[in-house]
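Should a chain be cited, it is by its letter among A, B, C and D, assigned in written order, with residues numbered from 1 in that chain.
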Amino acid sequence: MSGNSIGQLFKVTTFGESHGPALGGIVDGMPPGFELDLDALQLELDRRKPGTSRYTTARREDDVVKILSGLFEGVTTGTSIGLLIENTDQRSQDYSAIKDVFRPGHADYTYWHKYGLRDYRGGGRSSARETAIRVAAGAIAKQYLKAKFGVEIRGYLAQLGPVKLDLVDWSEVDNNPFFCADPAKLEALDEYMRQLKKDGDSVGARVNVVASGVPVGWGEPVFDRLDADIAHAMMSINAVKAVEVGDGFAVVEQRGSTHRDELRLNGFTANHAGGVLGGISSGQDINVSIALKPTSSISIAGKTITTSGEETEMITKGRHDPCVGIRAVPIAEAMLAIVLMDHFLRHRAQNADVRVDTPAIGGRHNF
Amino acid sequence: MSGNSIGQLFKVTTFGESHGPALGGIVDGMPPGFELDLDALQLELDRRKPGTSRYTTARREDDVVKILSGLFEGVTTGTSIGLLIENTDQRSQDYSAIKDVFRPGHADYTYWHKYGLRDYRGGGRSSARETAIRVAAGAIAKQYLKAKFGVEIRGYLAQLGPVKLDLVDWSEVDNNPFFCADPAKLEALDEYMRQLKKDGDSVGARVNVVASGVPVGWGEPVFDRLDADIAHAMMSINAVKAVEVGDGFAVVEQRGSTHRDELRLNGFTANHAGGVLGGISSGQDINVSIALKPTSSISIAGKTITTSGEETEMITKGRHDPCVGIRAVPIAEAMLAIVLMDHFLRHRAQNADVRVDTPAIGGRHNF
Amino acid sequence: MSGNSIGQLFKVTTFGESHGPALGGIVDGMPPGFELDLDALQLELDRRKPGTSRYTTARREDDVVKILSGLFEGVTTGTSIGLLIENTDQRSQDYSAIKDVFRPGHADYTYWHKYGLRDYRGGGRSSARETAIRVAAGAIAKQYLKAKFGVEIRGYLAQLGPVKLDLVDWSEVDNNPFFCADPAKLEALDEYMRQLKKDGDSVGARVNVVASGVPVGWGEPVFDRLDADIAHAMMSINAVKAVEVGDGFAVVEQRGSTHRDELRLNGFTANHAGGVLGGISSGQDINVSIALKPTSSISIAGKTITTSGEETEMITKGRHDPCVGIRAVPIAEAMLAIVLMDHFLRHRAQNADVRVDTPAIGGRHNF
Amino acid sequence: MSGNSIGQLFKVTTFGESHGPALGGIVDGMPPGFELDLDALQLELDRRKPGTSRYTTARREDDVVKILSGLFEGVTTGTSIGLLIENTDQRSQDYSAIKDVFRPGHADYTYWHKYGLRDYRGGGRSSARETAIRVAAGAIAKQYLKAKFGVEIRGYLAQLGPVKLDLVDWSEVDNNPFFCADPAKLEALDEYMRQLKKDGDSVGARVNVVASGVPVGWGEPVFDRLDADIAHAMMSINAVKAVEVGDGFAVVEQRGSTHRDELRLNGFTANHAGGVLGGISSGQDINVSIALKPTSSISIAGKTITTSGEETEMITKGRHDPCVGIRAVPIAEAMLAIVLMDHFLRHRAQNADVRVDTPAIGGRHNF
């Protein structure tokens, strides 16, 4: 119950600190007989890994994931999959200065009071470095859902500080260091980030994730709605402060006659719901949007207190992303993949025998 | 895994359909020796119950909750608590017309494809009627947290369609049928609702919930962060489409130097984080905001299809709230109470021995 | 985590005290579209209910189970099933004498220390009366497994004190109040029980349960082996002190050349394993045997202490079974049904796509 | 739900195949601030490891466990603990012969039908090699329970084939390769094993485990009784076919007047119950006994079938223990430690505030 697991049937459990010897995880519940593409899996990790551009932390990690079990002759066996990523660039000497000081905006203060001690090297367990394992686990889910159902899970940076970014072209997302699908805005982004670094400050971001091709019927009523589990998974990503599904907060000002998506035989007339009705996937695109706060590790001095109860000021040195939201794109994709995979298995457990004559509108089938 | 439970250590499991004989639930994990105030519990249900004003459904339910176990001589015993609310005003004849038609914007279509059949009487399990049991279970948590820690969990309507409502006075919330803490706006609300009913339409809403007095240290790192579990619980409420903690989506445009809450010995200098740092409560107010979509049950005709695959139009008759967001206030409070209670127990299980010399700023203690 | 639930995908949660107003439970995860035979379900409860013969407690309970949800037009809907049995013959005045005394051999002492208080009326939650709901939930699983796979789950009394009972004829089991499949021994049983009552004493028993027709492949490796979950479920029945699968303790003196069941195309050559290999069903009969202790509620005085720390003696008055093992037969069947149903769903979630060309020996198929 | 986890609050999740690169696991829920004795932890692994005598498999594994997280400056941090043991002596060439044949008495046949494929190298995930991680996780629990409560968890070989072994002297257990507490029988054991090897056969065993010093009050009523969870944990060990708590199967012939343990102020008068009453620890010794079947890997030819459906005969070559029961002693201790640790945390979560004036008899306190 200490919260290092997610999922019920596709269950991911992780361990690892920012400056420990390694990160790792276990994926339990993967169906057997699936040929895993290890290169594609590593590629997802490369998308998240630090040190790829001047907009992210200078820490260099290869983030090579090793699969230690659950795979035999290239194929999943149905037993638990052990994942391991060794930390290679820890430099823990950087962190001794903050040993007795709570960095403002960080988890230092809350960990200290919760546990009575903390691994102060780079935030220990509270560092976003743990998300590397999420990406590895999510990549397994992603591959499976793509191969079996044609489900496509993709994300992009929708806003960075004041710069709003449209979804112009999915194929552009991996062509720039911003996961930006709006190539006309790249220069503005670059300029904004340059100034931000000069200011020694950081900024927030909005990330959108879309799952296309999800069959109708995934998700459980009442507490474990598909959207509730998506909200949980997204809010569990470091720095996320808000989650929307479909129209999100815009529904506050909508009327029912506008919001409700009508049904025609060739599909729904709109997708205000974001692909989820009553907590269950409708077959439409699942649209999720999240807000990530600016990192608190900046080179502008901040007021704080020490563990011995004195007021002080501090500057967070070290190597930090000025906008943690950027690298959140592959993480958010991974989390959505994990939730969908879990709900596919949960749906199948109970409802594998269900046959419905009524055709799913828009051509999506049940399983 | 069919999703009718929430919580790990304070676990609430529910059953019941809109038009079945009864709703019920089981609360497992309640500490023993707590004197439950049954009147206060019933009062929470009265706040949620339908038929209290012309702004909510005309269905009349007394929503009297019976406690069938787990209580002995007025005191909790530590064993599971059985809850039962009988349905008295079902009128299931109202619903036969929609038997073979999917109401647009409802769960009819997704339930049908998931289960191959559906209880079409008032939405069956997908009806918001199930939330009555959530309120009963949440009331138990609320009472305990109040008595033991002085935690106060309160909500209010923050926006109804275009009408924005401030938190002017907590004590006004229960003096009007809108859970409105901004008495100057009551007339505007009344007028808006009158017109809405005339239009036969519905509207969305924003609800804010605040927990004050939560000790520092509740919440688990990584996946089961306090805010992640709050997001899950809130998004599991019918019609909720978005969740924010603290500044929420506003963080997208914030800089780190603004967002991070600095620490002084007499408390944090601000609360942009909304009371959660690294997924763990900081001792500050926990601020949550949610968006509820307009109900799709309106008297304006909508396009849809039948179970046999024909296009048609329909009007949703029956007795419906024009703004389901209003009655969501006590439900959201209940969900927050359940999550906090669960995390208190989870925290205590692992960390009951932790003693920290550093005083919690702002005067909040660890347990 | 307070232990009132069993099962992961077919999850049963219960509540209720011996002398409270009602017992109840929730079955979550039942597949939709199954026509439940309510008479057959009630019949299982009748098999367990007290007052049916002079060999069981004189307490009279009709044990009529009401299904409050999850059923629509006679068919399961896939949503949670609410179960309720009202207590009608509580007579709580019987129990005031034992309020401050710990009955030896009972849970009084441990409940008192765990919870700091106890519902002393008939043992409260620790009474075997709660097993009525297990039988109701198990009956649902039993019906489903029978209808879908032809699985037959049957139990019988294998020993009562010194009287050993063979499995001579399954069809005799429900023809006598002992669940005895060995009609030649009925007279001996009767005589033994008569003397036991005269002595004011009680006696232990052995119960055997067999599941036939279980497909190969159910059960999960490592911790949640089918036999491990069976052991858990059986040991969770009041008064059970030991569990065997297959040859059980006899394996201690066996050699590998004897114990291992060899494989031929027409089936295994023997069933020492009891139908489980590596924690997974082999398609053979699953054979389980359990030992139930003699009830401690007897009319022979016993030494004990009071809650205020004084030594004393007491006689347990009230209405008690002289051999609780007898009525355990339908309970053990129910528990086996619940475990098998749960593992069927767990297996299907992960492995629904698996197709094996090799025929299962003895003619059993995978799903 | 694929069963690679055990425990609710002290949760152990494992991975790894007999012939994969490594075994590993994650311990989630460990209280923070505990100074782990890594040498003592390694010692437990050494007790289990193969190759220590001529009575166990000739496979040589150092079984050096690495702790990859959750430990900072020698002290637990409260975050998840990553464990890793590299396989060094795999020799997978030994196993190619059995690729298409189901070894009788093994999990080959059931894995094949469950998953549609299997890692045939040494049994893959079904190999008892995975228990190394259980021992590592159990050692953490053992150390904590010893340090905090003085709980002592010890096991011994109670019978090997026909040779019965008494508990004569705990201190002898680690002085011989049999975990035998009855030194007078060592010669007989040696002789029996010598003959067994000559015969190319294997034999079953009985192992007893005792936990002393467990406080009163651990365990949950109804399904998750302490003894039910012990039964689950024990039966999850490879080759275990039966579990007893306290008098076990002997209760079948006992009378209530004999079985019930009476209470005196200086303790219970006996311990027929084995330290558990109503599923909750009573403060007495917890006595558990298990039966382990003889390994099916013997050099006597056995009848079987192939994956393509032909009858054949085979001899299981490779390096195998003639009595797997021997090395089960440290594994059973580890499982008991894991269950107790889990129930301590579960008890504390709900009942940390309970104060009972009545002194626990025999001097054991509540927490």
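In this text, a residue touches a chain if its C-beta (ideal position, glycine included) is under 8 Å from a C-beta of that chain, and two chains touch if they have at least 3 such contacts.
Being a predicted model, the structure only gives us computed values, none of them experimental.
Q: Given the two chain pairs A-C and B-C, which is bridged by the higher number of C-beta pairs in contact?
A: By number of C-beta pairs in contact, B-C is the larger.
Q: Computing the C-alpha centre of each chain, which chain sits at the greatest distance from chain B?
A: Looking at centroid distances, D is the chain farthest away.
Q: Averaged over CA atoms, how far is the centre of chain A from the centre of chain C? Could you give it in whole Å?
A: Computed value for the inter-centroid distance: 45 Å.
Q: Return the distance between the CA-based centres of chain B and chain C, expressed in whole Å.
A: Those two chain centres are 38 Å apart.
Q: Mark out which residues of chain A touch at least two other chains, giving numbers and ranges.
A: 1-5, 8-9, 14, 29-30, 32-33, 78-80, 114-116, 125, 221-222, 346, 349-351, 354
Q: Hey, which residues of chain B end up touching chain A in the complex?
A: 1-6, 8-9, 14, 102, 104-107, 109-116, 125-126, 130, 159, 161-162, 196, 199, 201-206, 216-225, 227-236, 238, 241-265, 269, 272-274, 277-283, 291-298, 300, 302-305, 307-309, 311, 325, 346-347, 349-351, 354-356, 358-361, 366
Q: Spell out the residues on chain C that touch chain A in their complex, using ranges where they run on.
A: Residue positions touching the partner: 1, 8-9, 29-33, 78-80, 221-222, 345-346, 348-354.
Q: Touching residues of chain D toward chain A in the complex: what are they?
A: 1-5, 8-9, 11, 13-17, 20-26, 28-29, 32-33, 66, 68-70, 72, 75, 77-82, 84, 114-119, 124-125
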